[in-house]
Amino acid sequence: MSVSSFFGRLFGGAAAREPAQVMALCRALLGERGEASGAQLAREVLAAYQTLDAAARERLFDALASDFSPAPAAVGEAARAYERAPSAASLARVQAAAESPRQELFRRLNMASGGTAALVEMRRQVLAGAAAHPAWEAIDADLLHLLRSWFNRGFLRLERIDWRTPALVLEKLMRYEAVHAIQGWDDLRRRLAPDRRCFAFFHPQLPDEPLIFIEVALTESLSAAVQPLLEPGAPVGEVSRARCATFFSISNCQDGLRGISFGNFLIKQVAEELRRELPGVRKFATLSPIPGFRRWLEEADTQLRLGLGGEGEARLGLLRRLADPDWLASPRAAELERLLMPLCAHYLTRERRGAEPLDPVLRFHLGNGASLERLNWRADISAQGLAQSGGIMANYLYRLRKVEHNHELFVREHRIVASREVERLAREAPLEEGAAAAAGHS
Amino acid sequence: MSVSSFFGRLFGGAAAREPAQVMALCRALLGERGEASGAQLAREVLAAYQTLDAAARERLFDALASDFSPAPAAVGEAARAYERAPSAASLARVQAAAESPRQELFRRLNMASGGTAALVEMRRQVLAGAAAHPAWEAIDADLLHLLRSWFNRGFLRLERIDWRTPALVLEKLMRYEAVHAIQGWDDLRRRLAPDRRCFAFFHPQLPDEPLIFIEVALTESLSAAVQPLLEPGAPVGEVSRARCATFFSISNCQDGLRGISFGNFLIKQVAEELRRELPGVRKFATLSPIPGFRRWLEEADTQLRLGLGGEGEARLGLLRRLADPDWLASPRAAELERLLMPLCAHYLTRERRGAEPLDPVLRFHLGNGASLERLNWRADISAQGLAQSGGIMANYLYRLRKVEHNHELFVREHRIVASREVERLAREAPLEEGAAAAAGHS
Amino acid sequence: MSVSSFFGRLFGGAAAREPAQVMALCRALLGERGEASGAQLAREVLAAYQTLDAAARERLFDALASDFSPAPAAVGEAARAYERAPSAASLARVQAAAESPRQELFRRLNMASGGTAALVEMRRQVLAGAAAHPAWEAIDADLLHLLRSWFNRGFLRLERIDWRTPALVLEKLMRYEAVHAIQGWDDLRRRLAPDRRCFAFFHPQLPDEPLIFIEVALTESLSAAVQPLLEPGAPVGEVSRARCATFFSISNCQDGLRGISFGNFLIKQVAEELRRELPGVRKFATLSPIPGFRRWLEEADTQLRLGLGGEGEARLGLLRRLADPDWLASPRAAELERLLMPLCAHYLTRERRGAEPLDPVLRFHLGNGASLERLNWRADISAQGLAQSGGIMANYLYRLRKVEHNHELFVREHRIVASREVERLAREAPLEEGAAAAAGHS
Amino acid sequence: MSVSSFFGRLFGGAAAREPAQVMALCRALLGERGEASGAQLAREVLAAYQTLDAAARERLFDALASDFSPAPAAVGEAARAYERAPSAASLARVQAAAESPRQELFRRLNMASGGTAALVEMRRQVLAGAAAHPAWEAIDADLLHLLRSWFNRGFLRLERIDWRTPALVLEKLMRYEAVHAIQGWDDLRRRLAPDRRCFAFFHPQLPDEPLIFIEVALTESLSAAVQPLLEPGAPVGEVSRARCATFFSISNCQDGLRGISFGNFLIKQVAEELRRELPGVRKFATLSPIPGFRRWLEEADTQLRLGLGGEGEARLGLLRRLADPDWLASPRAAELERLLMPLCAHYLTRERRGAEPLDPVLRFHLGNGASLERLNWRADISAQGLAQSGGIMANYLYRLRKVEHNHELFVREHRIVASREVERLAREAPLEEGAAAAAGHS
């Protein structure tokens, strides 16, 4: 059951209400009745909210966005008083004036049993409509502010997921897996076998709902391809011989918590956990997709730079073979490898939009303090893997002692720490630099 | 172990640090290093903080109060922009400008394991010095804002406390009981016997620390005296015959959570819980102290009003007998009862400071929606009970269906809902009304 | 993981041993070394046992059967002493003499962690070979005696199985279901939906191994057909409207516990449990197969009796149509119903082998004190249902107040308590009574 | 609550019954009604039993002892058949004939919820009266047989007891401690502080009842005196510096389980547990009383042997000073030490009754495979310690690798493995050997 259906079950069954009625209940909850019987009234608001159809919910969100924002004049006055005479008291007043009544409303809604789940679901709905209703961003901002505080790292519990986990939770992994889809219970079971590890963060208020989860393969050496890891019938390895933990999938689960980052914490805590459990495991690395490589390859500007020089035409011709679905089996696959691997290394380490590297997965891991260790040919030969990156995947290495240093290099100097092997590959990329400079994305 | 000593144990053992070093760590935690390795750095800050002695802590708090407040000019500017053109975006900007960097600092500190306990303890220390350091109120305001959000009713778990509860927790009840001190394990055991109930709120991050707890006696009729309830050797009643639940003690446990109100929720949820468990129990009421009665009785103004009229002198003479520690055993005790009971009813229902009734316990229960049901003579004959109220105690009645209505009457119209019996008693109080009017507390 | 594979994992990995070595270890365990380090030595024995292949295990069982039985002369002597002078002391001696040393051996093996699982698995292996090795029955008798004592009802825990149960356990339900095979996770999930209940007995030493489990449908009226209950896509009923609990499947899980009866206890305790949880449910009944009906119908003697009389030939002709796999869809299905239903009622209520009714499922439920309530046409139209009973199923009714009385009627007087409707049906069966008497199974 | 009071609470409240009524219920439970509704009927039997007063219970036990024993003639006949033709079948028959119907009765009583506790309590009552009623030994034998099987080591859970343990259980430690009485909650708390360990065995059917528990002090070197370990105000040691685990108290808790030995298992499993938790702890030893030393010293024969020779009179004179309660503070205490320590070593290592050493505590530990490491002067200066052994205590050493070997030496050759230091002391004992031989305990 998702947060959404849980929410439905908990507050469902009532007769449909009008948005105006819900607003009246919200006002009561913010007033004296809310002080006397907050939890009860919060429950009523959520039950009424639950009866609204999409159109009615839209009108409610419009009202929430307009009616429960702070009064501009009051904010201005309090701000001026703080400017004139900054003190604990004048600061308290300006903060009180600037806080939306919505925040207090949401805090009171949270008192209902199931309230946190309801607010996560409400934010999912707000986000889904925010593009079409810019005013709702004010609602989103208040929900995000609260949820970020409530889902603070300190309140999350790391839990191991294995074959002893309730089916109720396992089923959600199948739904939420966003990197390498789980094909069913047999596939899942292999991913939870003794030579695999899976961990998730949970919040005490959403005990059956993983917030994010990560899948790890314990192997003798660094994994260079993902299909062997996913093969349901693959023999189960001997854990005592594992030297390497390959993180091959990480998925956020809750749309309503978008923008609250859990991945960085999760990877590091799982690495600590594994180090404790398995002292023989010394290397922690990912096997990650490179989602933007082929898109970049096909940009007009890239094509232009590739086409320059003596062998430009031949290169472009070779690349066009990627359109053939069976290119990997063709006799020219080895040639393509010699061309694509350097280009991919170049793409990851040199191409930027402003100061930022282009590839989002690289940005995530380097932002966490990892380094780019290795590129792997024929690493993800699924349709998606071929479409995104010609089947190439990257290993990002988490050296726990270097993580802080790498992070600072990346944030301050935009440095991409990569292995010598990757650097060497990148230098071999047959791209005309002059053109690159000319077309530079600044 | 208290939050304080838990905190000590968790982060203790390091060499003493300078406040400036702690501030430098705080700045790092708010900066890039905090993004890369927040939980680890948060732990370092708290460990360093833990090494500070009282003087060093004072300097740290001074720095926290001055350095981490929002910049007045920036607040003013953002407020003006919001005044000029209110929108989700300009609102977001003024809220961001008005929030203290301290808030983000505290949120990041919370990521450390044990961080919540550490922040509760830190607020306890801030509060203890706030009177002498008014600037610290800004720190307190930020901590209070966060803690109120994190200790939202929705995150608390109600737990029954009984003889199966770990000794670790039971021991804390003995320390925290604030109304009728627990004399030792035998006393405690009687309070947890089958004809008693004890419930507490816990927070997931402080699993061994009750936040507030309440003690209840299950009896055949409404309890009129507290000593029989506390007697360790009293025979244990047959629960199936209980018709009344008397709430005879409620104690907040955490100084660091002062100002966050749990009592109202606790009483109501316990009443719900008991109604479910024991359908035979139909009456829910307190047996409460009247802490301000004798203090009011001895005020000059009260004495003046009592002394007027024909029997004024005799009354004052009678009241002076209260100075004799054994007055309750004296032949004139019955006369005193006839004098004090009406005066106490008057004190509770008529005397106000502004619109507010004088007695804090009455304010709490009527604010929760209870009504004043009965006054009891010889109800608390402990030294404290005699000193506070001449041994009189009050029953406040929680009728679950009337709670919301009573609360509104109290909040809007300052009405004190009392039984006819109490009203009748109050009318008999031999106070000269003219004088009262003349001296009226407006 | 089954008991068997659990056992393998726990004690696996050692080099293969000889049966004689295992016997030597067993003797050591029964001797002084066993007293000093019993648990450790027990573990060694089980690890060594685990290395034996089938042939070696056979030789071990032969040795266990011959070497560890009591000495006949000693038993005789002690028995004579008890006959001469019965006393607590002489009784103790004859009991000690008659007990096999195997029993003490097994008790000591049980001290190893995982020992109980190992002994259950050992008995499974003994039973599997007992037909070919009659001497092993002595081993079986000792194991059965101990296991019956250790799996006493008082030590079992009833647990509800639902979608929150670990996948590890759910998977076993799929393997162990013996009545209506579970087709996969979707099928299982429907059987655990809110309008179903599933309960199992567990033993503290085998926490992941159900011993027996039962599946229940909560319905508005008594279920008359099983396919609708098993349909994965069937809409989920509203539990609050359920008036009837239909027990539609009960499966023993452990071959090594054969002969230890759990079903009677399970049905009754589940009925109690459901009565507590759902006061609206007033009828507890099974929907059960009739495994022996068609076998009986095809016996020569039955055919003979059916063929007598004026319409005999026509009846036999009609019955032969059952050979057509699609007979149920044929125009003569209604005629077959009119013939088969009375015959089935007759088969269940009248046909006996000696005093015992023929049908094993009827024997089980009537032995538990249930009564035969109703027969249902087209109730199980699976291939197996049609083959066993022409698709007919029976409802056995558990009236908790009558269970003891019915049981006594059944055990003492061999009375089959059936509803008037079933009795009426049975009387209509077109069987020649004379022939029945002539061919009577005595 | 003890097993006894638990039992009372569970089955209490019924009107008093006659022993004959209870016997009739027992017969019903063994008969058909027992098969149909065993658990319910078992509950009735136990509830009826519970109403019996002491005299009625006596008559019930008499009836149980006489009526439910096996028939001597049937036992004899089955035994003869087994003698004539031993087979699995004839063995099964003689075992069935020799088993008391009482065993089946007790197994069925165990089906009631709380049945195990009830049977443990029943055995306690049987044992309490067995001396006066020798026939009850037959009841005891059957209960012991079953309880030994049910409380098999494999079914026990080792649990750590600390300050997180429910008060309900902690309270029982105070009641059951049999070696060094616990003076109250403060004393108990010190014994559960971080530099102490306490472990108990529990059975799943008696979850709140420790069966046996052991107290351990973690110290830098082997403890030589018990009073410092028991001192409530003693500073808590740093666990990381502990090198030695001193087992200073072990207590059986359940009279109804007398004769079922848990101590040997407990000591060894706790040693394993501590070795895992604290790799720095390398020495596992007891600090044990020597309960028989002074009794032996005062025997006429010992006195005779001490009095012989030149200094005999002086020795006896010195020993008579032990009658002075303050002898330990007297100037001659050092002389007494020089005399008593060798005598005590001699008593422990040389004095026997037949082949068995005299001291029961020594027999227990050497039977477990420990060795006698050291004697300690002024080790237990409590009144009891002085009365039993002149304040001397022994350290028995558990070297896990030698335990099996020592056990065999002790059991086969009656060898007492002692350190060279103790052996040297024993040789110095001023006892005339000739007299010893003359008066030898055979």
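Per-chain numbering from 1; labels A, B, C and D assigned in written order.
In the analysis below, a residue touches a chain if its C-beta (ideal position, glycine included) is under 8 Å from a C-beta of that chain, and two chains touch if they have at least 3 such contacts.
Worth saying up front: this structure is predicted, and the values here are computed from it rather than measured.
Novice: Just tell me the minimum hop count from chain A to chain D, counting one hop per pair of touching chains.
Specialist: Graph distance in the chain contact network comes out at 2.
Novice: Which one of the chains is farthest from chain C, going by Cα centres?
Specialist: Following the centroid criterion, the farthest chain would be B.
Novice: Measuring centre to centre with CA averages, how many angstrom lie between chain B and chain C?
Specialist: Centre separation, chain B to chain C: 61 Å.
Novice: Taking each chain's centre as the mean of its CA atoms, how far is chain B from chain D in angstrom?
Specialist: The separation of the two C-alpha centroids amounts to 51 Å.
Novice: Would you mind pulling out the distance in Å between where the CA atoms of chain A average out and where those of chain B do?
Specialist: 42
Novice: Mind pulling the chain A residues that touch 2 or more other chains?
Specialist: none
Novice: Could you list, by residue number, the parts of chain B that touch chain D in their complex?
Specialist: So the residues of chain B touching chain D come out as 163-168, 170-171, 184-185, 189, 208.
Novice: Inside the complex, what are the residues of chain D that reach chain C?
Specialist: These residues of chain D touch chain C: 32-33, 35-39, 65, 69-70, 72-73, 75-76, 78-80, 82-83, 86-89, 91-92, 94-95, 98-100, 107, 110-113, 115-116, 134-138, 141, 145-146, 148-150, 152-155, 204-205, 264-265, 268-269, 367-369, 403-404, 407-408, 411-412.
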